[in-house]
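Shared between the two complexes below is subunit A, which has subunit B as its partner in the first and subunit C in the second.
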Partner chain A sequence: MSGAPLPVPAPALVDVSGLRIGIRQGSREPLRVVDRADFQIGRGEIVGLVGESGSGKSMVCRSLIGTLPRRGAFIMSGRIEFAGHDLASIDERAWRDIRGKKIGYITQSALAGLNPVMTIEAQLREAIDQDLSANAESSAARAKGLLDVVRIRRPEVVLRQFPHQLSGGMRQRVIIASAIAPRPQLLVADEPTTGLDVTVQAEIMKLLRTIQADMGLSILLVSHDLALIDDVCEKVVVMHAGACIETAGVEQLAKPKHPYTAALQRSRIELAAPGQELVTIVGRPPAVGSWQAGCRFADRCDMARSDCRQGDHPPLRPIGQGRSSACLHWDRLP
Partner chain B sequence: MSNAEDHLMVADGLGVSFGSGRNRFAAVKGVSLFLGQGEAIGIVGESGSGKSTLARVLVGLQKPDTGSVTFKGRSVFDGSQPYPGDLRRQVQMVFQDPYTSLNPRLSALGTVAEAWRVHHRCSMADAREEAFRVLESMGVARHDALKKPRQLSGGQRQRVSVARSLSAEPSVLVADEPTSAIDQSAQAQLLNLFNRLLGEGLSIILISHDLAVIRYIARRTYVMREGEFVEGGETEQVFSNPRHEYTRALIASIPGRKRHGAG
Partner chain C sequence: MDATDHSRSAGRRVLGSLGYRTLRAAAVSFWVMVIAFGLIRLAPGDPVLARLGAEAEPAAIERLRRQLRLDVDPVTQFVEYFLALLKGDLGVSIENGRRVSDIIATSLPVTLWVIAVTVVLGLCMAVPLAAWVATARHSSVPYIFRAVTSVFLAIPAFFTALIALIVLGVHYGVAPIIGYKPDFPENLYYVWLPALVICTHLVPVLSRVLYSSIKETMAEEFVETGVVRGVGRLRFYWYYLLRPSLAPSIVLLSYMVGVMVGATVIIETIFSLPGIGRALVGAVIGRDYPVVQGCVLLFGLAVVAINLVGDVLASWLDPRLELR
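This part shows the complex of A and B:
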């Protein structure tokens, strides 16, 4: 893993700025679930998106693959620049050329992503046909090749099998294979190892890194597990209550510049001595729809002052060395 | 190690099989363990290793085909019912998913009060007072105690679930993957709670696939694979000097250890 702080290589592959996402609720005001997200993903970068459940990270993922409407959600404002498009304002027709083709997606549940009545080969060939860059290689040969890429042994046997015949780890490999089949530029992986065993999780993470290196694509890895992010990513984006509150290189994050990140780091079990009292974050994240004025972490923060509870949520601001923090008092952290 | 009669709980040669004929499947094979008073032991293994079946045997929900469990010197499975008489309430279980194991129509208070009433045969009014006390000692405030499971966070639900188990005033808590459905900060809260309970003399059997959690809480650790214990001993020994290949693979898979060099 590289040691130096990583400035974002210009131009970034993905540039999300001022993103606000709401959920429609009939005649009432839309419920804001993301307010606001700002981050970049450089070409060939693996970026981690971390936050508690309900912090809005899955909604941000959905905005990157254009499936917000399926959850009754929509983009209220902001931009998502991707390869010359503003994904925040394109229509469903335009999405069809991007979703699953230029931007791949891996979900949490390794079974939900596969069709139970289709063989692995049929599913992979369907994914390969999404590849817009016409390729001379037959889709049958590429299907087998893809299983090699995701390190599945005896691919000729697996190609003829159905999802239920595979283990959870194998299914997740097949999902990854079909996600990368159309040679996307970006892979969005939303908690890809939740529910998998630790040894399988380690293998999948290693695989994601290998694929990134071989294919040169960018990966957005969503997780609530900082330890996992630590191992795999170069850059981290931390979300709390619908807002991006800190971005930094993964090594820089060992010295957090937002009290929420600092609290997350201190509550890490694997870094604590056995039996030593663990630091916990008081209270719970403010519920969507009842966000207070000012910083939404203020009520859980022991550094909060009166200016933290005024106006809008503080925006993410550059604080040097390529990192940003939304804390008004970040310089008071060690 | 001390003598078997000093231990609170001793399991010897446990075996459990499911199905019959060609479909017979041995989920637990010849497993033995012991647990001391105020001690925490960890059982680590991956899905399908048999650790949940073992947990069910230890709390008396599943009768083993072979082997025995002795609790406070008395045999658990000899009578018509496991855990005869007053031993019954002394071994309690905490399940993985607090959402499905809590009654959706009862408030946190109602859940704990009901358990308290059953175990202590007192009036509901007294049970509610005790329930408030137990919940408060677990960091569930009075106004949250009146909420239904769906209105609580995952971490709060798990603490309610522990409170329900504790209302039996058990000597042993068997916790099956209690941290796997909750956020990191809630995990930390639950583990702090377990530590406090250990200090108060409770014994805990923690079953998990998460080695970081096991290492943090358990004095001794057993590594389970395909129904068998492949390794067992003092936790620090198991982690710093794993003898079995499978244990080594598990330890190498713990995320977040590379950079910080924990351990």
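This part shows the complex of A and C:
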């Protein structure tokens, strides 16, 4: 049997339902990159968002910080409820009070996430306060305080440096510091440890967890690394080909209720026996724009039956114990 | 790694590289001088004949040759020239007896003004243009931009100059056809049209390079950070788009300015500006050895100096670039 049921959540901080994201392509039909994203993030919860590249994770992130238009993408339908707003329909003016202020963002790459032509101090002060002339002294002190929070030693030296003079781990700490500067309620972290070595990765994850506990904020942690998610998150959302196909508590995920999640679990490197060939998932994820009818995993799934290839992609349905699956035959899994 | 030491050693590196570059500049100048001295003597023709005419008496020719020290062997001539140069003496024009330093002092500012106005005008056009094209929402804007800049690049500058003279100078009378006044700001009236003509080539090249740099910058992740932070519009354009993108364009610009110092010859001739380019052409035709040597040496120094300024400026704009 699966682990203990999740506690009944208080009203979620973020409630994404039926989210569809498309990319404009001139006069042709928009290209759908996300279709049927549904998940919730509770207050003070760390939620992992897992999926292969091209599964639409990054687009979901962008919809939470309102930067879809920069990539020519837009929300076709669905709702993103956050603190009384529907982020799917608010205008740019309303976004300005939320983006970066109530929802912080941690970039994918520590190496490219900081502005190369600004000192660390300038970037932190920019994050703390847009009105740079006002109260220069107190915002300089706050910048230093933020570096203390993310455990950077000798902050007074680091403040005067440029990003290229710092190590990858230090840079990611600075990025985290600047993301939490305006005291957001939600942090969106899009693969925050890409390009960092494993020990640094662990440190950054520990730091994120500490900050989460101290500030009581919620974190959406995007990753393709299940091991990382296991360590940090309470809840996991699995995405495949633009759809959320399973949500579960992190312990529950040991017994997947969707064949795609099961395949992901089987292909984990750290679980492979030495000398044995690594397990990979058969086939490739279906290319965006050529999704077949029915379940988009059907072609790679050894459990697929004829009803799997009909109609729309199956919706995520609650299957008890607080978890949900989009598989029509979830009950056939062990 | 100790951060204080890092920044201190960075400072030392900048000074060290400036010292190295000064040495290199001196070496380049020396070789430019040697080549200028040698090449003009290799060219057929004789400065004495050019001044006295082909029917001059042999005795007069011989006298002038001795007076100009052209009767001694070239190596001695070079040593004498070099020793004088070390004392700051560039020599005297064979053609009209003016000191070469005076010729340069009166003609160089004209050229410098043309170039300065060109650079300011060019940047004022290329930077906003590139930024606008790179951030334009409509997908046809970059295509039109590329097509129009190609057209401008395809038209020779001297042709544009002639058309501009006829239309703006003769027909509308908004630009002078001939002449120059050396005092600022009256000289701007004589300089703006030549500068604009050079810009018809400078702006397309510069804005294209800048356009692709900005496009590259826009794909970088820190730009998204700026958007998320809600940085003000002007601040965003400067710190998140332009400053991280400008360095390659500035290096290119400094190179092009170096080329321009020589290439203004055509523009100066068409617009009858008494600049250094025209002085050089006149001197080459008259085989006026000292003037040719002086001008070429100056061009060499100018190119080296401008490239140095460009590199320093680029590394200030983008701290990732370290001076080498």
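Basically, the second predicted complex is superposed on the first by the 316 of 334 C-alpha atoms of A that agree within 3 Å, B and C clash if a C-alpha of one lies under 4 Å from a C-alpha of the other, contacts with A are read in each partner's own complex, and residues count from 1 in each chain.
Note that in this section a contact is a pair of C-beta atoms (placed from the backbone, for glycine too) under 8 Å apart; a residue touches a chain by one contact, two chains touch by 3 or more.
Computed from a predicted model, the values in this text were never measured in an experiment.
**Q** Quick check on the superposition: with subunit A as the shared anchor, is it clash or fit for subunit B versus subunit C?
**A** fit
**Q** Contact-wise, after the overlay, does A:165 reach subunit B, subunit C, both or neither (first, second, both, neither)?
**A** A:165 contacts subunit C only, not subunit B.
**Q** If you stack the two complexes on chain A, which partner ends up touching A:149: first (subunit B), second (subunit C), both, or neither?
**A** Neither partner.
**Q** Determine, under the contact definition given at the top, whether A:222 touches first (subunit B), second (subunit C), both, or neither.
**A** Neither subunit B nor subunit C is touched by A:222.
**Q** Is A:244 touching the first partner subunit B, the second partner subunit C, both, or neither of them?
**A** In the superposition, A:244 touches no partner, neither subunit B nor subunit C.
**Q** Looking at A:280 after the superposition, I want to know if it touches subunit B, subunit C, both of them or none. Which is it: first, second, both, neither?
**A** After superposing on A, A:280 lies in contact with subunit B but is clear of subunit C.
**Q** Measure off the angle at the C-alpha centre of subunit A toward the C-alpha centres of subunit B and subunit C in the combined model, and quote it in steps of 10°.
**A** Spelled out: centre of subunit A as vertex, angle of 70 degrees.
**Q** Check whether A:60 is in contact with subunit B, with subunit C, with both or with neither, and answer first, second, both or neither.
**A** It touches nothing on subunit B or subunit C.
**Q** Could you state the shortest Cα distance, in Å, between subunit B and subunit C after the structures are superposed?
**A** Taking the overlay as described at the top, subunit B lies 12 Å from subunit C at its nearest C-alpha.
**Q** Can you pull the subunit A residues that subunit B and subunit C both touch?
**A** none
**Q** Touching subunit B in the complex: which residues of subunit A?
**A** Subunit A residues touching subunit B: 1, 52-53, 168, 197-202, 205, 224-228, 230-231, 250-251, 254, 263-264, 267-272, 274-275, 277-281, 284.
**Q** Any idea which subunit B residues touch subunit A in the complex?
**A** Per the touch definition, subunit B meets subunit A at residues 46-47, 153-156, 183-185, 187-189, 191-192, 195, 209-213, 215-217, 235-236, 249-250, 252-260, 262.
**Q** For subunit C, which residues count as touching subunit A in their complex?
**A** Per the stated touch rule, the residues are 3-4, 6-7, 139, 220-222, 224-232, 235, 239-240, 243-244, 317-320.
**Q** What does subunit A use to touch subunit C in their complex?
**A** Residue list for subunit A touching subunit C: 26, 65, 67, 70, 96, 99-101, 104-105, 107-109, 112-118, 126-127, 130, 154, 157-158, 160-162, 164-165, 175, 178.
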